[in-house]
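What follows is a short report on a single structure.
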């Protein structure tokens, strides 16, 4: 089944996530164990699309020494920077116009020229989509899902999520004492464009008073009421956790979707929620945007385990002849799902789940 | 169904585990929300067996204020010290002899006298066994499992386990640099009397070279070989993680079981493994026993979530008329299993699990 | 000298800072050891100005039990909320106008009525100023300086500073991997209204590329040049740390001072720096404001030690008849300086210090 | 003065300490800035004594790329393993006898052959002694002190000490909850062969009940009394911190000195103290030896700053013509002291210091 596999490439695409290096390490060790040559593509697909950009080559050998001591490190030793989506790559023509080009054929050709028999593509929905196109064009590829947002339906959980929740929880813990000391409302914005997993995980763990998530279009009235009820009970501070993709019930879309880049720089939805709460409660209100802090840093022990398992499973999948698929956690097992299905649906927080039920029991307000 | 419930008591028994306070907080808030009066029994069952020992009473009221800001704290606000197993309590007679007495009837009577309609018993296998006896004697009781060892078969995971793995992993990370600097073999003993969950979790996450667990009676030969193979490859240090309940293949039982208390104080199995490795490899070898460090401290975000869910589920169970049972995680749900079944079987690490497979892929030696 | 001292009060004023509880604990234990009765005033001076607001009294007894297990906790068990500056307190008259009232005489009277012989006032420059006024009106008072900004000239260092630097450093570490993955410029705003201690401490420890501080009015040109030079060398990301009180060289004052509250909510100077850098470099630039995260949380071991020393020294000072003074660190000793001198001058980062020299050696750009 | 300097070597000797990599990074960047070529010697002096052992050479080039992203990492990129003290090196002769040889001339010659004009020797008292011998033989050398024990008299503090105290404090925090849950006495052994700096720092910060240090020969009686007094007051657990070099008052030397290696593996003085306390108090007593855990891991922000300053100062010293000396902290400055004086005297904890006074105020027992 694995006939022909001699040289396997790994790449990491999309944004940073704690655990990337652990995936790489496990894949490299498992591959070498099978006698395969392991190599890494630099910066997403850039190493094969623009190899001349790298003095030491866009495709680098990965031996045991290359992956030593990296399990606990954040970032990725391969780089993850995309210089543009290979499926819709902006190319500046001589006449100054910019053309959008599909460079997937170029990738296929380049992989062939490099003698690469199989590809392990670690990335988010964008990268997995590219992997799917490559698979359809005949590349033997296995995807490894990566999103700290934990919003891929086909896998129970993704690495990076536990690390993001852990650090967000630590940050909210810290904000508790300062919110209390200053009688403040603290609005804490966390990642979660389409799903509120991080917001609910960290919000419940750090005993937030309200949590606003994309799954529940919010109304600020009950949030303000909760804050004032606490004040009447002598608790003059409150913590409101807001997922970046939360949006008001009145039908307007989220700030994130409406204003894109600018909104993110300004703090986006957190600002909007804070302004509303100031108006309704008159309380001193501050916004803390944890966004970028949650992507970086090293993985928790749990994320390391999951990432190592995914890395080993990618190689095991290749060995078994599995291709065009993505590794996924189906506890306690890892299984393989077709790449074509991998990013089809967003996994949102089920409103009737035990986790949400616990949050309700604890009196947390969801703005509904 | 919940007719008659007006006053619910909570107690915590057995050893320390990160997350106990989070269980208490969730149970208290959920109970109060239903209009129930919530109280706490001090020090296991001691608060009802010897209430005179406590100036402010062995049973204390638990209102919202009592459980404020405790989710992230280690230990338990109720105390967990058992002054003896109530089912086999040593009582010193006047003539100097010690009699072993079953005090469960005393507990039943005392709970009645205190007007306690239901009991939430948080504890390990000992405490859950007592809870089962009380249930059989008519006490409306719900158990909440507590073991950092994660070795209860009826629940997929227990709170405290993630915290133990996280801290053990951090410690082993630290030992890496010092082992490397000194060309040493570091033998790291972790908890796990009957199952190797902590050893495997932390050992794989922190990239140990060998892991010895109760599930696999070990032979030191392959471990020593692994260490020497690394040395020949220029890696002059090695990390060996040992669960306290690991034992040699030759049929001898583990040090823990043979020598009980004394062994634990001396470092037990870790010492024995180190002595064997020194003999076989001649390398400078040190033992670090993480035991007590893993029980204490605050819970990780993940353990907080699980503990909060268990606390809320205990109250929900009572509200639904569930009794004589234990809450258990069956992801993504919490379910209720009969207390009589709760501690029947140890959950060991399945040798054919994906986690173990990954460990093998990474070349970790299990002494087999 | 200490004749007459029987009852000593402690209060905490101004914002949150890691270590407040450690000061309280040491003062209480040291005071009790001398046979003094120790009490705590709630919420700055509010406990004596509006005692009726507190069901259990605005002045609470502090025994050993009250200060158990609090050394490592953030926040303050006494509360720190000021409901207005007692020296310029806004009082609403019946006709709707607001009058500014000096309530210091009221405090003096209330302390007398409560039988309080001496006061330990823990706080920042505002609180120490109030303490000085009280001292002039005859109150036996010792101040304990509190500012995470570390900008008090009379003490070599203040507790809370080390904790702030430690957490800011951890955050910047995390931003490194995400900045690198995304080829971004990360502008990290930290506290430091009048002095750049936190910015320099965390910026150097976490290897920032540029650090902008109040002591050096900045020009963005060299910062942009540094960023572009890094890009040319293949380092496509940069980290710029900005103290909240930094300001441009052209003579304009800092955003903080000009726009007060609104600026802070919007991210203030960080936003301004980011906008300038986007214009000059064209690079994707994000702002992370760590402000509120740095005030909260528990103290580092070092801050605990300093806070415990300050608490014990306050009592020792009272015992020796020292009053109207502030404890201050003059390593390895603690000494006492007159409160009148305590907040006279801001301690800025000396530009010719070894610390700054090291930063220059490392090639860090200060915008000059 | 710096005429002739073109090529500067760095080495790290002795055990691991958090901050080594930060020293290396600062020295390399500062040296490159002066146009010097920077190189690193592998494994103490082994890289020049046995260069053939290293496939890629015992002396490796250090450019900016080599020191990227290492400030926060534990260990040392150069290795620190000594294969024997070069001043008393065991050489096995053909007839099987072992001769002790002084290889310092060999080092001098090898450095010359490698074209090394100056050496930055980072290490503890052993390494600094070697550096002194090399200096006397004409090598231009600057020492950088390294000891987590903080026991060098000529510098106010050494890097690694803050990291050791921070982690020891975190560990003791954890032991508090488990000691309390189990009514136990926890004996915590920490490093500190000749001075009790770590024991006092972590013991006071983590509110130990007793601290035994080399500076105060101890008597177990008052320690046992303290434990029993706590028990009578309802505090049934106690924490006793013991420096490895502590010894009984009766004139016997410490276990460490008497039994050397074996003692360390067995837990040494901690065991002895525990046995004594069990005998005197009858309480359940456990030993936790933190020794090896304190050497490893990454440096705190504060240790990074100190290490970076020392690295930069070493280069500045060379540039100013300073040689045969060691960098030392004399806050807020770094100064240079002759290597001949560097390790002359142990810096013990002054018994009349404010730190010890605070410990006494808090009621901590020192066994005297």
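Note that the chains are named A, B, C and D in the order they appear, and that numbering of residues resets to 1 at the start of each chain.
Going forward, a residue touches a chain if its C-beta (ideal position, glycine included) is under 8 Å from a C-beta of that chain, and two chains touch if they have at least 3 such contacts.
The structure presented is a predicted model; accordingly, all values stated were derived computationally and were not measured.
Enquirer: What chains do chain A and chain D have as common neighbours?
Expert: B, C
Enquirer: Need the graph distance between chain B and chain C over the touch network, please.
Expert: Each step joins two touching chains, and the minimum needed here is 2.
Enquirer: Compared with chain A, which chain's mean CA position is the farthest off?
Expert: Chain centre farthest from chain A's centre: D.
Enquirer: Just give me the whole-number Å value for how far the CA centre of chain A lies from that of chain C.
Expert: Distance between chain centres: 35 Å.
Enquirer: How many angstrom lie between the centres of chain A and chain B, each centre taken as the mean Cα position?
Expert: 32
Enquirer: At which residue positions does chain B touch at least two other chains?
Expert: Answer for chain B, listing residues that touch two or more other chains: 173, 176.
Enquirer: Any two chains that touch count here, so list every such pair.
Expert: A-B, A-C, B-D, C-D
Enquirer: With touch defined as at the start, can you tell me which chain A residues reach chain C in the complex?
Expert: Contacts found on chain A: 15-16, 74-76, 79-81, 167, 171, 173-183, 186, 236, 264-267, 271, 274, 285-289, 291-293, 295-297.
Enquirer: Please give the residue numbers of chain D that touch chain C in the complex, ascending.
Expert: Residues of chain D touching chain C: 26, 29-30, 33, 69, 71-72, 156, 162, 165-166, 168-170, 173, 176, 201-202, 204-207, 300-302, 304-305, 308-309, 312-313, 315-316, 331-334, 350, 353-355, 357-358, 361-363.
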